[in-house]
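Multiple structures follow.
Each of the next two complexes has chain A plus one more chain, namely chain B in the first and chain C in the second.
For the complex of A and B:
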């Protein structure tokens, strides 16, 4: 391999990365942390709650990392419930947790990135296009997040911040694993997500913006984005 | 960078990649050859004898990447020549793992209702047929390996209709349909097939397209260029190397679960529909 060439497109040396999500064995956040660290980024995980003061957290992270160049949100919260029979409260909760929360988290990081540019990645669930039963309030918020990233990309384009979404299909997190009804016939792994995130934040992807990458091994829905 | 730990995800060592239209400087195929060569893949560069291409670039790609490169000629519209090219690739390197189809630019400028039968025939022969022929020729060899990857590079015109580019857009939509069909049909063989949709990428091809459009519509070239840039959230043209890096990601082990997708490399095209 031509390391000199590859360093230029893959290395995250000198970049500070904030990952939102719980960093413990078997989580997406932890896998993402490992893959960014392997590329020499300085990484900090922040385990956030609904009342997190993002500005304070980012200020602390900036001090620790030197700068915030990358933000990866892995805090998607799952809600189940059939569309008919779903209580308004479930919709509200899902909206609060997966839409308002993402807005607050991303909006607060923009001032930290506006000088040098950066990359924001939202990790969401990719099954939303399939209208699966019993997941209505959750899947609706995923769609909203994809749209939101595109709007962010449009509105703050002057700061050279890229906004993209990784849409994960069935991923084997070790806890539970859905059967993999996809074209390559296996469920995804945490590394699959982590590598996609690492690619999308790297210099190699610097013209990829307002985009989605579907990680589902190929399905009827994977081309819909 | 922890290269040793990442080697498995990134390296294409021991793999053979067939790339079409790679022998024109500054085009996406050429940059893709460099990106895959840098990852230590053996390269088979398929070129159309009737198109303008520069065989001296082979030596240049070898010098830049240090990988092993050979060029194989095909004849546009002649399916057997593609079969022969795939066979030569296997004879030379013992296997084919990767196929990259980059779109040659066969622009037929016309509104949909003004196109003639010959325009369609032309587009078919120069675009669909070669594209299909290359896939059909390479897949039987890729099937013999323990998994491979195909990337079809087309432009965002296949989804976002542009007036005056009817045949281009529809021809590319055909390729997208084919790309996704191959993904369904060969997923079980562990052959991943993905499409990269490029926006306005600064290649000699784009510059020619702008010049032609300017002439046809009596507009200044700069005006057309500015309108392309204005539609991009990042307010610039893309670089062919940026597309090449995306392709390199998609064929690597890092993207082992990415299949059947259409990945836009367009800097955030604001006129694009949400997909």
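For the complex of A and C:
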């Protein structure tokens, strides 16, 4: 391997990364943290709640890391149920957690990235475009999220901030989405997601923007993706 | 960088890659060959041995390969410390494809990575100007040529326990683009082929993915910009500015941008990617839901 070449394309040295989500063993957030740290990023995990004051959290993170160049949101929550069988309260909860929360988290980071640019990655479950039965409250929010990332990319393109979504298929965390058949014949791993995130935020991926990246081993359910 | 942990995720050491359309100095194929070589792959670069006469009046891809440029590419890869060879082949000819695959396997034992990069572009023209010759050449290289090459390569991948196929498609496959009618058709065909190969050969540990590229400043793109500037009686710089200002990031991509994504998709770190369309376009498809 030509290390000099690879360092130029992969290194995150000097970059500050904030990961939203619980960094503990067996979580996507923890795996992403490890992959970014391997590439020399300074990483801070923030365990967030619906009432998190993102501006205060990002101010603290900026002091600690030196800058916020990367934001990875791993807080996606899965909600099952069909239209009628799902209580309105759960529809509301799904919206608050997966749409409004994401908007607030991403919108608040823009001022911290606007001078030097940055990369935002939303990690969601890949039921997007799948229309599997009994996932209505979740599927609706995933579509909304994909559109949100693309709209952010379009609206604030002048700041050179890239916004991408990774849609993961069944990942063996024990608490992710339901297992489904895929062509590759295995579940995904936390490392699969983490490496995809690490690639998308790397210097090599500087022209990848507003993308919806399907990481599911291949499936008829992934539709056009 | 923690190379001890990262090496197993990114290395392509021990792998052999065949990259088509890989001779031009600032072309997509050569950049991809460099990216694969940097990860330790042995690389065989393929291109047509001489310009295709019917393409000489066209704009862009397919008419500039040569043995001299192939040799130059191999020298560049070897200067990076890599192992490399070239093969000359016209992808519209099955006998050429068979000979190229045979030569690659004779030299390096098998093919683990296939980069279907080569394509012809018969110029920006509206439907009324599209000739049968344009359609036939686009079909023979961009569609049938890739099918024939995959037919020859996949048996080696199966025998070898797996592989990775990466198809270079285009945003013109997903959004209707003025004057790129048949090119878009051929690139959409390639996305369909990607999904089918991903479905049919994953059981052999062969992953197939596609790149959906936007405006990438290759030699072919430079020729296209020259064409627009002549057609519209503007300077090259103005034509370039117009193209850049039409992009979301207000910038144009470079062959390395696509090359790195191809190398990533070929790597162990991307072993769960299959049937994926990876856009490398600076966000220019953000108007779509794709």
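In this section, the second predicted complex is superposed on the first by the 214 of 225 C-alpha atoms of A that agree within 3 Å, B and C clash if a C-alpha of one lies under 4 Å from a C-alpha of the other, contacts with A are read in each partner's own complex, and residues count from 1 in each chain.
Going forward, contacts are C-beta pairs under 8 Å (C-beta built on N, C-alpha and C of every residue); 3 or more make two chains touch, one makes a residue touch a chain.
Quick caveat, the model's predicted, so the values are computed rather than measured.
*Asks:* Quick check on the superposition: with chain A as the shared anchor, is it clash or fit for chain B versus chain C?
*Replies:* Once both complexes are aligned on chain A, chain B and chain C clash.
*Asks:* Touching A:107 in the superposition: chain B (first), chain C (second), both, neither?
*Replies:* Neither partner.
*Asks:* State which residues of chain A lie in both footprints, the one left by chain B and the one left by chain C.
*Replies:* 1-3, 5-7, 9-11, 13, 38-40, 146-147, 150, 153-154, 157-158, 160, 162-163, 169, 182-186, 188-189, 192, 195-196, 198-199, 204-219, 222, 224-225
*Asks:* Which residues of chain A touch chain B once you look at their complex with the stated criterion?
*Replies:* The touching residues are 1-3, 5-7, 9-11, 13, 38-40, 146-147, 150, 153-154, 157-158, 160, 162-163, 169, 182-186, 188-189, 192, 195-196, 198-199, 204-219, 222-225.
*Asks:* Can you tell me which positions in chain C touch chain A when the two form their complex?
*Replies:* That would be residues 1-3, 5-7, 9-11, 13, 34-35, 37-40, 80-82, 174, 195, 198-199, 202-203, 207-208, 214, 248-251, 253-254, 256-258, 260-261, 264, 269-287, 289-290 of chain C.
*Asks:* Within their complex, state which residues of chain A touch chain C.
*Replies:* Residues in contact with chain C: 1-3, 5-7, 9-11, 13, 37-40, 143, 146-147, 150-151, 153-154, 157-158, 160, 162-163, 169, 182-186, 188-189, 191-192, 195-196, 198-199, 204-220, 222, 224-225.
*Asks:* Taking the touch rule as given, give the residues of chain B at its contact with chain A in the complex, in rising order.
*Replies:* Residues of chain B touching chain A: 1-3, 5-7, 9-11, 13, 34-35, 37-40, 64-66, 176, 180, 183-184, 187-188, 190, 192-193, 195, 199, 201, 233-235, 238-239, 242-243, 245-246, 248-249, 254-270, 274-275.
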